[in-house]
Amino acid sequence: MKQNTPSALYLPGGLLFLGLFVLPMAGLFIESLRFYEPGSIGSAADAPFTLDNYAELLKASFAGFLWQTVKVSLLASVVGIILAFPMAYWIARRLSPQWRSLALGFFVTLMFLSVLVRTYALELTFGATGPFGSILREIGIATNGRGYIQVLVAAGLLHYIIPMSTLTLLGTIQSVDPRLNEAAQVLGAPNWKAHLSVTMPLCMRGVLASFLFGFTFSISAFVIPMILGKGRVLFISNLIYTRFSEIANYPSGAAISVVLFALAMLIVYVLTRLVNRSIQQ
Amino acid sequence: METTSDTVIKFTDVHKRYGAIHAVNGISFSAGAGETVAVLGPSGCGKTTTLRMIAGFEEPNSGTIEIGGESMIGKRPYERNVGLLFQHYALFPHMSVRDNIAYGLKHRRWPKATIADRVEEMLSLVQLEGFGDRWPRQLSGGQQQRVALARVLATKPKLVLLDEPLSALDAKLREELGADLKRILTSVGSTTIVVTHDQNEAMSLSDRIIVMNRGGIDQIGSPSEIYAKPKSRFVANFIGRSNWLNGIANSANTRGMANVIMEDGTVLTTDSVGVNDGAQVSVGIRPERIRLVPESKRKAQGGANQFVGKVANAVHMGAEIHYEVRCVAGPLIVVSPSDGNSPFTLGETVGISFGRGDCVVFPESVQ
Amino acid sequence: MSGRNIDDLLRFLCKFINIAVVVFLMTPIVVTAIMSLDSRSYLGPLPPPSLSLRWFKAFFSDSYFLSGLATSLKLAVLSVSISLLAGLTTAYALDRSRFRGKDALVSFFLSPLVVPPVVIGFALLLFLSKMGLINGFARLLCGHIIITVPYAIRATLAAMSEIEDTYTEAALILGANERQAFWSVTFPLARAGIVSGGIFAFAVSMDDVAVSIMLTDAKTYTLPIALISSMRANFDLSIAAASMVLMGSTVILIILLEKLVGLNRAMGQGGFR
């Protein structure tokens, strides 16, 4: 039955992807290899090819930005899962169906919430000028310091990661038979050991998938570090934007983009392999 | 097999391969107007593939399929006038009962004015008058099946295909619906092919049975023929139950009928012909063809083949008693009617007998 | 400590964590809600002395914001419509095919979801400039299309693969050809899933910042862009009012989603509920 599908059906999607994705990305890659004349806008039409833009990235300053991005992203993704798992478990196994629907609605709404609303709300509440700002200063926390701002950016990321991971893990936990845990307890394991040896391994796939989403989301983040980072904490996406808007050094911006893209693809590839391997076990 | 004027469907040497798997391996059969034919076999025998080729969802690799005298090669399902009652009915959930039944009429271009009346006609046929405006999810399983049947018959198809029509139902419902199905199909005079793995379904619904095994046809015949004279060991095992005794054939007697000499020297006399002298064979005997008598009455019992044995097990199944009897030849399952006489007890010695016509003989190597 | 003691301790700890998380998630929203009704004209400590709708009025009378809102809505409607069309044809073709590289092709069509949005925006900007497309709205539309199409394809593919083959086969054997079977059986049954994909895509388009910021120009900008410039210039509370309006529309979208498809299905929940 699965025959005669006219390949013409692939045309609308295919053309869109070609024109709006494949060709632009190819163009980006080429631009990253072109020579940039400081002061001009982008590279000249006949600029020579060079690896300078990439060589520049090997220097310490870029590595610093990369490390900052990865560090904060890692923090946010890992903390996100640690916080989301008990939440998802509670919703899946301890709430009645009506409360569960409400909880589901709550988290879905949070997930759908505009990123601007989130970050603005966080900046308003926990930022230096907000109502909690003075309280925190009383305790001695430097609300304008690098450390606090990094935590604030992580909090901004978490505000998305926690609802998203909770929803993913909710599905995962609901696919694990609760009777397995009961069987472990009947065999003598206390509840926490039963979870560690039975529930958790079976949820590994969902945990890895959540981490994948959270981490790729974080390293690609733009708005959250832009608003909450206040220029003190810059993610790679922000770096690309400044290369573009403040300096018009398109080739360099392109090179950084390519690096970020490659990083995102690598993480997706590695983690997807891990997820698939955990299914096979 | 010639094509007579009322042959509705004819398969000639049809093959279907999926990669290395030879799902249907050169089958040929035909069915005439008004007949109900069952295609019976275990899963993997090729019956579902055969069904899908008749419907047009698969094309054969070689061979011809003719419906109403016309070749169906290359014809899409909507270009054939075949009806299919799906195993799980496949009623469109987003359409009312009325719209479901009218679907085929619409797409086969029946004149608009006639559609409404035809739908009502079909609803009465399946005894669901007044159900036109209901939705499939509001109906019970039996009602859904009747709507599905109405939908199939509405367009007056040349051939009706039933895919495991009773397998999803429990025993009581199966009997009821089976009778209804048969009655309705007979009343419209349709030619029907029932595909099933259930021998009871096949035997109760059809006039002829095609037994399929591993892509090929083992036997075609009426239900009683197939039961009493199975042509292969597979058919004998698949339809009903059989006891099997092994031995060596000896067809030296005058009429060429085989005697079978078993390991311990006992000789079985059978009516089977065409068995090679000296070949290893299996002799099949139906459990209900074996008669048991108390030891004291052994001298008086008839039957070409007689043994003595001990009752090892007795299970009361209501209308019958199933005995397991051990004799020198091996264990035998015997089914006796519960006829009010006191049943045999465990350990009791009994006389066993069956006639020469009650056995079928097959060469050992062929399954 | 015995097993039971550890169990009790952990249970308490988890409860505490859960409550803390809920507080963390809700607090900024509640604070913003309160402050959007603050009658003062400056950012002062909570609680506000009195409530007023001044900031909502300020938001709705600000032509800068309203223009951005209009552009956002136009972009969302247009890009989602185009994406659904492209998504429908592509998902239909994918669902009905069975060839070796099919999974890879599906991944390809979903790949914009994992590419950092800034990169997509930047790449598009360079390409469209080279192609000579300088109209701001057209450029933004291109960006919004490419970020919404993967959602449309994913949702449509999921909706279609849920529809069992037997329905299509039943339609075919009753006399409908492939095209008729699709429109009368497959599409109506998949419609709810497809529309929910459209709702997702709509939210993505309305919310986008990273792609839009690369493609915007002085005359054409979306509401999120307008809000960000406002945040940089003066951090006043009309943005709080704007946030509340955005949040209200999110809730409306969620309710729509629930009515159409049910949140359980939309979020893909497991079997042991």
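Remarks
Letters A, B and C mark the chains as written, and numbering starts fresh at 1 in each.
The rule we apply is simple: contacts are C-beta pairs under 8 Å (C-beta built on N, C-alpha and C of every residue); 3 or more make two chains touch, one makes a residue touch a chain.
Owing to the predicted nature of the structure, the values given are computational and were not obtained by experimental measurement.
Distance from each chain's C-alpha mean to the overall C-alpha mean is smallest for C. If you compare A-C with B-C, the chain pair joined by more contacting C-beta pairs is A-C. Centroid to centroid, with C-alpha atoms defining each point, chain A and chain B lie 60 Å apart. As a whole-number value, the distance joining the C-alpha centres of chain A and chain C reads 16 Å.
Between the CA-based centres of chain B and chain C the separation comes to 56 Å, rounded to the whole angstrom. Multi-chain contact residues, meaning those touching two or more other chains, occur in chain C at positions 169.
Along chain A, residues 1 each make contact with two or more other chains.
Those residues of chain B in touch with two or more other chains are numbered 57. On chain C, the positions that touch chain B within their shared complex are 164, 166-167, 169-177, 180, 184-185, 188-189.
Across the complex, chain A is touched by residues 2-4, 6-7, 10-11, 14-15, 17-18, 21, 24-25, 27-29, 31-32, 35, 43, 45-46, 82, 85-87, 89-90, 92-93, 96-98, 108-109, 111-112, 114-120, 122-128, 130, 142, 145-146, 149, 153, 165, 168-169, 178, 203, 206-207, 209-210, 213-214, 224, 227-228, 231, 235, 239-240, 243, 246-247, 250-251, 253-254, 257-258, 263-264, 266-273 of chain C. Of all residues in chain A, only 1-2, 4-5, 7, 9-14, 16-17, 20-21, 23-25, 27-28, 31, 42, 83, 86-87, 89-90, 97, 100-101, 104-105, 108-110, 112-118, 120-126, 129-131, 134, 155, 158-159, 162-163, 167, 170-178, 189-193, 216, 219-220, 222-223, 226-227, 236-237, 240-241, 244, 250, 253-254, 257, 260-261, 264-265, 268 touch chain C in the complex they form.
The part of chain B that touches chain C in the complex is made up of residues 55-57, 76-78, 80, 82-84, 86, 88, 90, 92-94, 103-104, 106-108, 151, 155.
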